Every structure is written in structure tokens, then in C-alpha cells.
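In C-alpha cells below, several structures.
Shared between the two complexes below is subunit A, which has subunit B as its partner in the first and subunit C in the second.
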Partner chain A sequence: MSIQVRNVSKNFGNFSALNGVSLDIEPGELVALLGPSGSGKTTLLRVIAGLERPDSGQIYFSGEDTTETRVQEREVGFVFQHYALFRHMTIFENVAFGLRVRPRKERPAEAEVQERVHKLLNLVQLDWLADRYPHQLSGGQRQRIALARALAIEPKVLLLDEPFGALDAKVRKELRRWLRRLHDEINLTSVFVTHDQEEALEVADRIVVVNQGKIEQVGTPEAVYDHPATAFVYQFLGNVNQFHGRVRRGIATFGSKTLAAPEHETVEDAAATAYVRPHDIDIARAPGIASMPATVSHALRVGPVVRLELSRDDNGELVEVEVPRERFDDLGVAAGNVVHLTPRRAKVFLETPHAAVGARP
Partner chain B sequence: MATLRRHSVLPGFNLALGFTLLYLSLIVLIPLSAAFIKTFTLTWDAFWAHVSAPRVVASYQLTFGASLAAAAINAVFGLLVAWVLVRYRFPGRRLVDALVDLPFALPTAVAGIALTALYAGNGWLGEPLAKLGIKVAFTPLGVMVALTFIGLPFVVRTVQPVLEDLEKELEEAAQSLGATAWQTFSRVIFPALLPALLTGFTLAFARAVGEYGSVIFIAGNMPMLSEITPLTIITKLEQYDYAGATAVAVVMLVTSFALLLAINLLQAWMRRRQGQR
Partner chain C sequence: MASIPFSRPEPLAPPPALSLARIPWVPIVLTTIALTYLALFLFVPLAAVFHEALKKGWGVYLAAIADPDAWSAIKLTLLAAVIAVPLNLVFGVAAAWAIAKFDFRGKNLLITLIDLPFSVSPVISGLIYVLIFGLQGWLGPWLAAHDLKIIFAVPGIVLATLFVTFPFVARELIPLMQAQGREEEEAAAVLGASGWQTLWRVTLPNVKWGLLYGVILCNARAMGEFGAVSVVSGHIRGLTNTLPLHIEIVYNEYQFAAAFACASLLALLALVTLALKTLVEARAHKEYSR
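Right, the complex of A and B next:
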């Protein structure tokens, strides 16, 4: 089942939650809608589900216009951030709910309900909890039950709204790997909303980066991380250093450092920012060709990497650098030492007022 | 309740428990036990004669019957009022919201006189109803009307906060699973509201059983027909039959306590199932 979103807009009062969004989702894909809170990602998911009506635009499931189809008939499985389990029902009855509320003619016989519910509970590996009540389960177990309940109606698409948002870090990690495996097993077109870039990068086939009611970039995790289309995507996906400077005819100057910026060849002279990831900066004790001198202010050991905070000697700007622990030990630097930085890879964006939103390929 | 004493960030468990027991004794237990002690001045036969007199038995039936009926009516319509107040935004909502509390604040005698004037044979509502052959004032029906009036706020005020806290996602989840509006209400919303509704029902019922002021005017107080138990007790007191009055009061207390305890146990059972406690 493919999903097409065509030019969808949605306002809440004066607030524009979605602004002419179009998106294609292929059958069997696992897509992440990634963005900061208030970006419109949840609204987009709810519009796809039919829980929210768009002000304009259409939603197609396999080419069929479902914009006017009510949520009851849309056959979507929806998983909520806070599980939304029915707490007066046992786990079994929660999962069976979608089957029991069917019109009498379509309702499966009790034996079939039993069989299907137990099959689903086995799929989420929680069959032994069938007679418990939701409050007796942990958060991770509840979310798996919520997923089983959504799958019980044999939905055409599975939609998950921040499914791991309410769980602690360890359970979240386990559960997202489990979701990825489950998706490969059942191969249902799935869309999930998240504000956690790590989660999106790890789980999704494709990532849709949403900001201020618009789509910034759509692509595979590698494409989005390695080749961000806009300054926003660069900033949102992981830590990034910003160097402010100017671009003149394809050459960007940032203090004492110059970079080639061929994509801006036609620009006469404009303010620009270079974005460099902390792990894309080389660090050395001796000055190199066009390196930047900087003073170490802190060195933080975070697991296998060491995070260095430095201030540039030429303009005092803060720079963050990540180096592997062995490299850090070889360097033997401490707070107060002067080192020399060389960005290995940088991306230059112009600082026009619309640079953060407008520049889409 | 596994251990009586539990470690807590706030000290003073012993002091607080001691004060609670003392307070309850002074305010509730001692006055009530006085009723029991006074009753013991009667012999068993005299006690039985007092509490099983046909006129007294008829008054129990009216009091408990009308109270249960009134509480049931309030449960249904109080839920409706709470629903409308929580779920819809309309001009004058705050006003309606404040109006709900009025039966709390109004002196019960005022309510009784107003209801009597309204439902008497020549009243605004009494006259058209009389033409239809329905007599409200000075009948058991009138007692029920008065008890419904005073009990309404209890149901609305207990259901309202629970309804406000009910997550919208539960309804959306039910609908995304294909449930119709009615199925969503009857299978998801109503069971979630049931404990609060039962609390409201209990409070309305307890209030109705002990109600005096608003009822005596509209009831007409005809023996065997529209005489409530609290009035029977007052009548006995006015005749200086103190022991007889307390005997009837004891029966009322024990019955009320048994009913309230039963409802509380039912609630505790439901709460345990839903994991609210």
C-alpha cells in the first residue's frame, strides 16, 4: 500500500501546522517523520490517519483518494505515544477490541478471535500477559501491546506517533531495533514520527525532515546525514560547528581559513556560514596548511570518544571537536593548550533570510 | 495495607493518625454512639415494636426507595450535564457550571417551598401535570423530585474532573480500530467513568437518605404514603419519645452504613482492576 500526500495544508487558528506538504511513500517502506516539536510532523501523521482533516490537499492510499474517508473506515493502525490502552480491559481484550467492534456480519467467530489475538501476542512476544491489565505492564510492554492492538485489524498502513517517546533510553533502543525487525517480518507500509535524530537514522528506510510546516529534505539516512540539503537539516541532525564568514565567487573565507564553495560560484559577495560536524575536524599540535589555532577549554571523555571544547584564537568563537580516545591520548593535550584545527569536510550555506527554510533542491 | 507504618518523607505519622482518630471520635463516633446508647434503654421487644411499626416500615420504604431512585436519575442526567459542560464550549457555559452548585448552597427549606409552590395543584408545573393525571406534590413522586434536586451537584462534580482528565487518545484509538461513536462511548468512555459515577451516585444517595428540609414541604407527610423516616424521628422527638426516636435512627444508620459499605467495596474492586490505586 503506497501513500501519496498532495499539497496538504492545515491551520490551527493562526498557526500554520502544515503548509502545502507533498510526500510519496512506497509500499512496504518504513519512513520516519523527523522534526523539532511544533514542526507539524505529528499533524501530518494524523492527517494521513484521518484523525485530522486537512484544510486543503489530498491523501491517496494506493492511488485512491481517501481524504474524505473517516478514520473508522480508513483501515490504519495507529500507535499513540502514551499507548492509549483501555485500562479496564485485559491485554487480550485490548488486542481483540478491533475485531469485537466490527459489524455483526464481518465479526469473526470467537474461536477465530482467540486464535488471531494469541498469534499477535506471540508476534510481540507477550502472550504470557494475556490476562493481565495494562497497569501491570511496563512501558515497553504496553507499547508492544498497543502495536499488537493496531495490527489486529489488519491495517493497510501502520502509523506510529513518537512510539518510543515515553520510554527510558535503554528500552527505547531495544524497542526500536525490535520494531525494525518486526517491520522486515510483516512488511507493512509504516510511518513513524520522532524528534530523535538517532532513532530516525537507525530505524528508517527513508527520513522526511519537517520544519515549520514544510518538508526540508527527504532521503535515506545516509543521504540526509551526509548531504544535508539545508542549513536546518545540518543543524538538526547531530551536533555541528558554525563558522561565519563571506563567499566571493565560489571562495568562502572564514577568518584566516578559506574553503572552496563551487555551488556558490555565481555569488558576488554574501555572508555565509560553513557547517562542520565535530568529528570532521582534524586536530594537531603543529600548524598545518590554512589550519586554525584554538585553545582547549574542556576535554570530556564520553565513552569511546573525547569531546573537546575549544575557543578560536582569532575571534574567540566556540568550536566542538570529537576525537577517538586513542587519538586524544596520542595528542596528549590538556585544557589551556593551543592546538591547530583543520576541517576535513564542510558545507557552506548563504546567510540570506530564507536560507534556513527556502533552499530546497 | 500490608504494613500499618510506612516510611514517608513527612514525619509525624503517629501524631497525624492519633489526631485523625480523635477528630473522628469527637465529630462522628461519639454523637452516633449516643444514639445507640439511648436505644439500649429500651427492651428488645420495645425496640422491635418501635422499628417494625407499619407506619415506620412504610417510611423506610419511601426514604430508601425514593433516595435510590433519585440517585439513579441523578447518575444518568448528572453524567449528561457533566458531559456537556466538559465537552462543549457554548455561551453561558460558566453560568450553567455555577448553576449546578446551587442546590448545595440553597437553604433546603427554601428549595422545599419553591418546589412545593411549583408542583402544587395550582402551581406552574403542578397544574398542567394534574391535567395529565400526574400528581407530584404531597406524593412519593414529590419526595423523589426534591431528593433529585438536592443530589444533582454530587454526580456532576465527581464525574466532571474525571471526564476532563480522560485522554482524547482513548477515543481516537477506539475509532482508529473501527469502533462507532456508540461503541466508543459504551465500551471505552463509560467504563472509565464508572468508578466516578458510582462515587457520585453514593454521595447523592447518602445525602438523600438524610434529607429533611426540602422534603417535608413537598411530601405532605401523610402517614403510610409520603412520610419520610427523618420526619418519623422528629415526630417521635416532639412527643418526648426519645428512645423510640433513637431506635428508628439506629435502623437508618445501620442500613445506610451497610449500603455505603457495599458500594465502597464495589468501587474498591473496580479500582483494583483498573489499577487506579
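Right, the complex of A and C next:
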């Protein structure tokens, strides 16, 4: 089933949680809503579920307006951040809840309830816990039970709020892969909220980057990582170096370094920032054309890469560079050495966005 | 290689135990003071009640309780509790549910109003009803014209009991429900449960021990209430005397053994309440702490 979000706004008092958000989710997709805390991503998920009413805008399920449909009738599966398992019920009864509260005419017979619940518990590989209570389970087990409970009502969409947020790193990684496999198996349109970029990049078909109640960018993990549409996306996804300078008619100047910025050809003169990923910077002992001298402060070996922290010699700003371990060994640099940096790839954003020709900050 | 090791913070020393407790005689002195206080103001009076009640033997004791006036006072006390406790149970659940699970205007006002009977002197609570329903009160002439008697009659006693006991259940449930949050109710709603189904299957089972605890306290207060009931009762023997009022009258007539015999019933109620309360607290602690 597809989901369309049309121009949805939601305020809590003076705080604008969502500000005219529109989004299309295709049937069978696994979409991540990614953003910092307070960006409005959870509110968007709750609006889709029907747990919050939007102040304006519409939600469509398969083209049908469901904005006014009560949460009980939306047929969505929702997995809460802290699982929200019913603490006084056994695991079996938790999963069976959605079937037992149906109107008498639609309620399945006890034998069918038994069969369906055990099938779901087998799906999440926890059938042996059926008679336990939620407090007797580990975090990862509770998470899977919450998922089984959500799936029991055969929802049209599955919505997950920070599904791995409360788990430790190892369990989180396992569960992440497991969720991806499960999604490929049952192929249910799914949306999950996360503030962890790694999680979004690894699991989702598409990523929706949310910031301050607005969508910054929608795209595949590769697209948002390699071609960030805004300065915010650049900063939020992965590490990035910022070089502050000015753009004049397509030429960006950052200290002693100039870059071609053809996309800003019409800009007369404006403050700008160049964003460069740490692994997009070349490092050499000898100065090159338009390279940038910097002093190594420290070097940290992290698995197969070496992460260098340097300070620029012209203005003292901090620069982070990542090089493969072999390259680092070849260079033979240590703290205190002066090296020369050349950005391979940079993206220049104006600091006052949409500055018109001739605008002076 | 120039990697900089992370400096591990020193493990924190355990906080020093309250330094007074290290002086050997301090705990002993404190315990002695507390126990003496309890003995003087709680155990001795309690023992005195039963001692005085049985001073003239079991015959007098049973006769005092079997006295028709005493018996009617017991029945009236039970009647007031049987009406007040269920009503306050329903009200308490409704108010706590509204306050803990929903947002609405005037919520703080409602919380303040629920606390009102705690902050108003019981005598004033009784007087309010006299001022409203009494012969000289606002509704007095109308009630008299329709031959309805509230003050100095059973309805007044029930009303006064209701008023002084209505915070107990709500007050017990509100913090508990607030601490449990709304997620389970939201989960129930997403799974298709109606409001009633959510209340019966999710919310109430989660607060059952708190609810029972509130009911026990509410009942104890309903049966023991003196001030408010005294104002509206009129002290008509055999008709509008509750057990606490009956005790006062008998005592004022120098029938000490009879007065203490009836008082021992209330003391027994207090002991039973205390035992139940401890039991419920232990069960609740076991369940909520997981």
C-alpha cells in the first residue's frame, strides 16, 4: 500500500513540529525518516499512524484520504520506541490482543488465534517465550515481540519509532539486518524513524532527511550520502570538514585555496562554506598546486583507516582527514609534521541560501 | 604512530555513608526515640482501648455492641461506606484516567479541586451542606416544601461522607497512571481496541493494586469520619448516629466500657486496614518493581 503525505503541518503550542511536509511512499518500500531529535520525524510517523491529528494537510493510504480515520480503523502496525508491551499480559496474550479486541463478528475463533499467534512468534523466533511476561525478556526480545504484536492485525503499513534506539550496539546491528530480511520476506510498506545515520543508510530503501519540521532531502542512501542537497544533509550524514570563505562569480576562495563553483556563477559576492568529506582530502608531504599547508595534531588508527586531525597553518582551523592505513604508513608522518592537503571533491553552499545576484550579506 | 590514548576516568569512590551512622550510639538513640514515640502515641492508646472495653468483662462488651442504638449506628456507618466507596471508586478512576491520559483545559483546576477535601476542615465541609440544604440554607425552603430531608437525616450523612472521602482513590491512581505513561493505551488503540476495551484490558489491570489500596483507605476514612458527619447528623439516636458519633454520646454519658467497646470496633477496622494496606503494598511493590 502506498502512503501520501500532503502538506501536513502540526504545532505543539508555539513549537512547529511539522511545517508543510509532503512525502510519497511507494508500496512495499522500507523508508527511513532520519533527523536529529526534535526535528519532527516522530511526529510525522505519529500523524501517519493517526496517533496525532495534523493541524492542516492530508494523509492518503492507497490514494484514499485517511486524515479523519480513527487510529483504531487505520489498520497500521506501530512499534513504539520503548515497545509498550502490556506488562500484565503474557507474551502470547500481547500478540493475541489485536485479534481479541475485534468486534465479535470479525473475531477469529480461539483455535485460529492460537495458530496465528504461534505462527507470528515463530516468525520472530521467540515461540518458546509465549508464557513469559514482558519484564522477563531482554530488550531485543521485547522489540521482536512488539513487532509480532503489530503484525498480528495484518496491518497495511508498518510504522516503527526508533526501533533500535534502546538496544546495545551488538543487538542493534543484528536486529537491523534481521528487520531488513523480514521486510524483504513480508514486503510490507514500512516506515521507521531513526536519528542514527548508519542505521538509515544500512537498512532503508530510501531515506527522508528531516530537519526543523521540514524535509531536507529524499533519496536512496547513496544519493543522500554522495549528493547531499543541502548543507544540513552534508553535516548530518557522515563527518564533514567545513571551509569558510567567499564566492565571487563562480570562484570560491577559502583562505589560500580557490575552487571552481560553477553552480554559483551568478553570485556576485557572498559568504560561502565548502563541505569536504574527510576521505575526500589528499595528503602529501610536498606542496602541490593550490594545496593547503596544515600541521598534524594527532593520528588515530581506526581499523583499516587512519583518522588524522590537523590544524590549518593559515587560520588554525581544524581539519579531519581519513586515509587508508597503507597510505599513512607510506607517508610516515607523525604529530607536529607539516603536510599539504588537496580536497578531491568539495561542495560549496552559500551561507545565506538563495542569495540573489548582487546581494551583499 | 601518534594515537592519543583515552584517559580513563578514575573509578568514583562510593559516596561516604552518612557519617553520623558511624558513631556507634547514634543509631541506637535514634531507634529508641522512634520506638518510644510509637509506643507512647500509638501502641499504648490502642492497648488502652481494648483494655477499657473489656474491663467489665465480655458480657458488658457484647451487650454494648448489641445495644439497638449501637447496632443502628453500625448499620448506618456501613450504609454510608457502601454508598460512598463505590461512587468514589468510579469517580476516582474516571478523574485519574482523564488527568493522566488526556490533555485538556482546566486540568490543573481539576487536580486542585480533587484535593479540596484534604485542605478543608471536615467541620467546614459539613457546614457547607448545612448552608446549602439546611432549613435556613439556599435550598432549604424548597426542600421543606417538597418534604425532602437531607440535613439531620441519612442523605446528609452520605453526602458528607462522600465529600470527605472522594480524593482517596483519585489521589492514589493519578501518580501511578502518570508514571505508567500513555504508550500502552496508544498501543491498544493502534491494535484496534475501543476506549472501553483499553480501560478494562490495559489501564485497570495495570493499576489494580493502587486501586485496591485507594479503596481500602477510602473505606477506612468513610467509616471513621467524625467532623463533617457530626455537623450534618443532628445526633438522633437510632436514626442519624454513625459509629463514631455513637461513641461520643455514650462516652459523654459516662458509659466508658460501652464507649470503648464500640471504639474497639473502629480500632479493629484500623488494624484490618493496616494489615490489608501492607499486604497490598507488598504485592504492588513486587509487581511494579519489575
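Details
In the analysis below, the second predicted complex is superposed on the first by the 352 of 361 C-alpha atoms of A that agree within 3 Å, B and C clash if a C-alpha of one lies under 4 Å from a C-alpha of the other, contacts with A are read in each partner's own complex, and residues count from 1 in each chain.
As a convention for this text, a residue touches a chain if its C-beta (ideal position, glycine included) is under 8 Å from a C-beta of that chain, and two chains touch if they have at least 3 such contacts.
Everything numeric here is computed off the predicted structure, so don't read it as measured data.
Under the clash rule set out above, the superposition-derived model of subunit A with subunit B and subunit C contains a clash between the two partners.
Within the superposed three-chain model, A:290 lies out of touch with both subunit B and subunit C [touch as defined at top].
Within the superposed three-chain model, A:271 lies out of touch with both subunit B and subunit C [touch as defined at top]. Residue contacts after overlaying the shared chain place A:334 against subunit C, while subunit B stays out of touching range.
Of the two partner chains, neither subunit B nor subunit C is touched by A:260. By the touch criterion defined above, A:149 lies against subunit B and subunit C together after alignment on the C-alpha atoms of chain A.
Of the two partner chains placed by superposition, subunit B and subunit C are both touched by A:97.
After overlaying the two complexes on the shared chain, residue contacts for A:301 are found with subunit C alone; subunit B is out of touch. Looking at the shared chain after the overlay, A:186 reaches neither subunit B nor subunit C. Overlap of the subunit B and subunit C interfaces on subunit A comprises residues 49-51, 71-74, 76-78, 80, 82, 84, 86-88, 97-98, 101-102, 133, 135, 149-150, 152-153. Contacts from subunit B toward subunit A in the complex involve residues 167, 169-170, 172-180, 183, 187-188, 191-192, 194, 273-275. Note for the complex: subunit C touches subunit A at residues 1-4, 183-184, 186-194, 197, 201-202, 205-206, 287, 290.
Taken in their complex, subunit A has these residues touching subunit B: 49-51, 71-74, 76-78, 80, 82, 84, 86-88, 97-98, 101-102, 133-136, 146, 149-150, 152-153.
Remark: subunit A residues 49-51, 71-78, 80, 82, 84-89, 97-98, 101-102, 133, 135, 149-150, 152-153, 296, 298-301, 334-335 touch subunit C in the complex.
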